[in-house]
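What follows is a set of structures to go through.
In what comes next, chain A is part of two complexes: it sits with chain B in the first one and with chain C in the second one.
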Partner chain A sequence: MNSAAPLPETAAPRAVARAAPLRTRLRARGLDGVTLLALPAVLFVLALFVYPFLYGLYLSFAPAKGGALANYARFFSQPFLYDTIATTLLLAVPVTIVNVAAAVPVALRVRLMRHQRLLTTVLVIPITLGTVLVAEGLLTYLGPRGWVNRLLLDFGLSDRPIRLLHNYWGVFLSLVISGFPFTFLLVLSYVTGIDPSLENAAAILGARARARFARILLPLLVPGLAITLALSFVQAFSVFPSAVLVGAPAGATRVIAIAAYQAAFEQYDYSMASAIAMLMAAVQLLIVVALLMLRGLVYRGPAATGKG
Partner chain B sequence: MALASRDFRALRLDAIGRAFGAVQALREVTLTVERGEFVALLGPSGCGKSTALNCIAGLLALTEGSIWLDDRRIDPLGPEDRGFAMVFQNYALFPHMNVRRNVGFGLVSQRRPKAEIARRVEEALALVRLGPQADNLPGQLSGGQQQRVAIARAIVVEPPLVLMDEPLSNLDAKLRLEMRAEIRRIHNLLGCATIYVTHDQDEALSLADRIVVMRDGAVRQVGPPEELYARPAHPDVADFMGYRNLVRTLVHPAPGGVAVTVAGAELLGTPVAAATNGAAIVAIRPEDLTPSADAPIVAVVASAEYRGRDFAGVARAADGTELYFRAETRVRPGEAIRLGAPAARVLVYAAT
Partner chain C sequence: MWRNAGFGERAWAFSVWLFTGFFLLNLFALIAAVVVDSFGTHWFATWLPAGFTTRWYAMVWNEFGLAPLLIVTAEVVAAVTVLAGLIGVPAAYAMARREFPGKRAALLLFLLPLLVPPFTYGIPLATVLYRAHLAGTIGGVILANLVPTVPFVILIMMPFIDQIDPRIEAAARVFGARTPRLFARILIPLFAPGILSALLLVLVRTIGMFELTFLTAGPSSQTLVVALYYAVFAAGVRPAQSIDAMAVVYMGTTLVWLLVTLRFVNPAQIVGRTGP
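Showing the complex of A and B:
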């Protein structure tokens, strides 16, 4: 527009827009009085998440002695430290897979049940108990004189008590028990999001149960399962109490959280502890990003069609 | 593998029933559907028509009776073994598959050779005029197009029986008329049997060879559309077939038929099922109740709606009876008119 002549048609609306009060313009962008209600939450997140994270990040690059990267260099030079990543992965990955693999068929069945709420409540109780109580329970239940071993001995399935505590399996079982309800609830919400008429349509078109699962239910569940795997993994990867209580914290279940704990509260090296925590976050992030990228490759739309 | 082939003679429902706990959703339904026939199950919501369809499809087990395809009993079979096809109200298209794979689903289940699947899917898509959309996902299609995919997916397996559960209820009025014609065209082309569930009497009248009117889980009347339209056997059916004027009154014999009192005036009528004396229900369509100078019923126009071709009006008689009528010329609220109907169009039922 290089015309010198005045253009009242276009100038007028611009003048109106300029004249609109700030309040109206803010509201058009979704900012009004109600937005202020989010302020406490924002402050909360800043104070309890963003600030500690950034401070920890800074701390990890400020070791007591050596250069900025001294902590990270030390971590990756000592098997005692860097092995904890493998140890933790070796626990968290199988636990996550077992939980999701068990949750899918249970959720598919529960979806069809009439007393769904009762069963869901029962399955969810372990969440409310907390890791420590579950670990305490396992100590008596799985111990050499616990029910499991007594049954095995009484029925002659084993001639001596099998060791299920203070080793890998103790932590594994404890993580499965405390992680399953969470995984199950997530999977159930994804499963119930699939329109049941899709399965009926497939059945009428001649698909048997196995084909219906493989061709309809599973493809529609995969995006949800990727999210479930990511969240369950993160939960299992940060294992700490059960690794100490029912595991072998000096050996097979010396997980990365224990390394961080020891650096912080046994050696009082907060800088090193921060570095370990940052590495822990990095590994989790890596796996979560990988899962979400895989999720991007499949269909992610709604699990129902038609106009509602 | 589909057990049923197209070469069947009839599907027979033998006194089928279905209960949900104490609620009897379907009772004693007996019906035979011949090959090539288009049957509509018509009734208000909750009348059991969808339950009946789901029982035929195998999605619901029967609690009584049996279903036969010629001389083979099929009600113990699951839906995947019956070889029927169904078009759902919400279409139930597989959202993660494109149109081509949706339509080919049934053929893949039957383990047909790839080349045959590709050929038959193309044919089915051409039949519903959806060739250009073959690679789209259902979410990218309009409601009418999704409906066509659902129909193509059902007919591509060449089922002996196509079940349709209110397939047009989610479409707008114009598209509904188009798809209605399309459904009948495809039915005629394929020669299979179609059972079509609807609550829309116009749809049932225009599509079906035979209409089954249901109420409270039971069949009220079965017959060709003309018969149901002109002579419903029951006041319930009349109500559903558009006889909006249903008046409780008394009937007595009169020369050439029966006479009834409607809104204080005497009308000559036609008795249905030997209703000649005593308490009765009179059914008259609004189209048959028209104003004329020498008509017997005196009433005052309460409201009138212009409908293009004529006026649809409501008139109130001195005794308070509301009557739905049609007028060819404008009538105004408050105007006094005289209404009457030909004796053949005044149906008289014995009141129960």
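Showing the complex of A and C:
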């Protein structure tokens, strides 16, 4: 291969005279045959991630009929369309809060456990199986003939099967089942990154568990929690399969992803679909930026001093 | 020092475990319900089905066309895994070993497809693939699935490569090894454990990747998850037990590979973290 340079890598001089050949000067700046190995991946992501996004943005301003803003004007004038944002937020925000609020105490407890691996392994299962399988499981488990209703009826807790499917709660539960383990594993990785000697010091000085949490752990966790909240929210906000399968896709759980899907694959209006996808990205970006700004307000320096 | 905890603290600890137990119990019951139903003849107002049979599996094999479905899934997953490795590992090597202008931009570029949820970029991506007449083909499904997996391989491999002594490569260079030879004789063997775990994670994620495959697949390029989605979506067309049998087939495929993966990988890495 001619592109491989004649000198060994580590001998590359840091400062090179202007008169040196181009290859030597490039190498001094870190550009050589090895750097080029990153090129295929960069080009790939540019071609299949950045380009489609920009193309979608352009397409959203080029509707089949009407001016450049016709798609957005239509979206914000039809309740059928603009309501999807509120519907999705109404699902994603409570689910995110529930998942994070449940994950923090469990992660703080599991941190002290010896055999964490078993629990983390079990909790990885619903993440790996994915939302489609969780939805099918809920249909069998919570259905009118499922075990939950069997239990309620047989023990006289309810005189008729309760309806947890094909409404808001079906989607809510599916998002907790696949979202809680995800949130938990993220929080656990932040919690175990906090130096335990900090909490030990507080305990020696007489701080009770509640004070240790409020004064030591929580402030150190805030940066990680902001990222966890952002990631969990973004996932919940783009919910699709369970909103269709265990929700009410024409009513209470007509989320924004359903509107985008219908525009693209039922009306074949790719321009409108792109506009909805861009709005979806915009809402997600807005919430993430807001969370990260909040994090900036309370951030007090690096959270982890390494594992002790 | 946590031993002399007061009553309130112990009650709190107990309720945290109670919650965790309740969650796990429901999780297991949910999976068990699917498995039990898939083997049941009829299941009405009882705790267990009236009888047990394997005929739903025969039905899935014949009516859902399970064999072609499994072949397509295997083709997609194999191609995505190999290509993600071929594109991702060299890029991770360059990112870990070189400081170059624009490196931070490149890192951000690789981070974005992992942070943006697949459904958000899947719609524009599917549009572009339709324009290029690639959507609906296996090639399109493979390309779409590579979008999150190539960056995933890079971000998993970078810290792994970082902790390998660069002097080993320098020595090989001194002895005259060029880049291809360096890769074949020195780097691939050294990186093997990292590559293995990264590619197994890609494999498990691709089997379960619903959104991107769903948005780009045609009738002949569906994977197992997408076919399961359509089966559940059209519930009523087929007996519920046969859909559960299909779900069990999908679950089995995923869990076997998950078990293999967890032999080599920390569970936390499934969510994309490279460790605390």
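A few points about this structure:
Everything below uses one rule, namely that the second predicted complex is superposed on the first by the 269 of 308 C-alpha atoms of A that agree within 3 Å, B and C clash if a C-alpha of one lies under 4 Å from a C-alpha of the other, contacts with A are read in each partner's own complex, and residues count from 1 in each chain.
By our rule, a residue touches a chain if its C-beta (ideal position, glycine included) is under 8 Å from a C-beta of that chain, and two chains touch if they have at least 3 such contacts.
The structure presented is a predicted model; accordingly, all values stated were derived computationally and were not measured.
Of the two partner chains placed by superposition, only chain C is touched by A:T120; chain B is not. When the shared chain is aligned, no partner comes close enough to touch A:V171: not chain B, not chain C.
When the two complexes are overlaid on their common chain A, residue A:L36 makes contact with chain C while staying clear of chain B. In the superposed three-chain model, the partner touching more residues of chain A is C, compared with the other of chain B and chain C.
When both complexes are overlaid on chain A, the residue A:I216 reaches chain B alone and has no touch with chain C.
Touch criterion met: A:R109 reaches chain C, while chain B stays clear of it. Contacts of A:N200 after superposition on the shared chain: both chain B and chain C are touched. In the superposition on chain A, the residues of chain A contacted by chain B and by chain C overlap at 200, 203-204, 208, 304, 307. Only residues 195, 197-198, 200-208, 211, 215-216, 219-220, 298-299, 301-308 of chain A touch chain B when the two sit together in their complex. Per the touch definition, chain B reaches chain A in the complex via residues 1-2, 57-59, 78-80, 82-86, 88-96, 105-106, 109-110, 137-139, 143, 146, 153, 157, 170. By the touch criterion given at the top, residues 1, 3-4, 8-10, 29-42, 44-46, 48-53, 55-56, 59, 102, 105-106, 109, 112, 117, 119-141, 145-147, 150, 177, 180, 182, 185-186, 188-190, 192-193, 200, 203-204, 208-209, 231, 234-235, 237-238, 240-241, 244-245, 257, 260-261, 264, 270, 273-274, 276-277, 280-281, 284, 304, 307 of chain A touch chain C in their complex.
Across the complex, chain A is touched by residues 1-2, 5-6, 9, 12-13, 16-17, 19-20, 23-24, 26-27, 29-31, 33-34, 37, 43-47, 87-88, 90-91, 93-95, 97-101, 103, 106, 109-110, 112-113, 115-121, 123-128, 130, 143-144, 146-147, 150-151, 154, 166-167, 169-170, 173-174, 178-180, 204, 208-211, 214-215, 225, 228-229, 232-233, 235, 240, 243-244, 247, 250-251, 254-255, 258, 262, 266-268, 270-271, 273, 275-276 of chain C.
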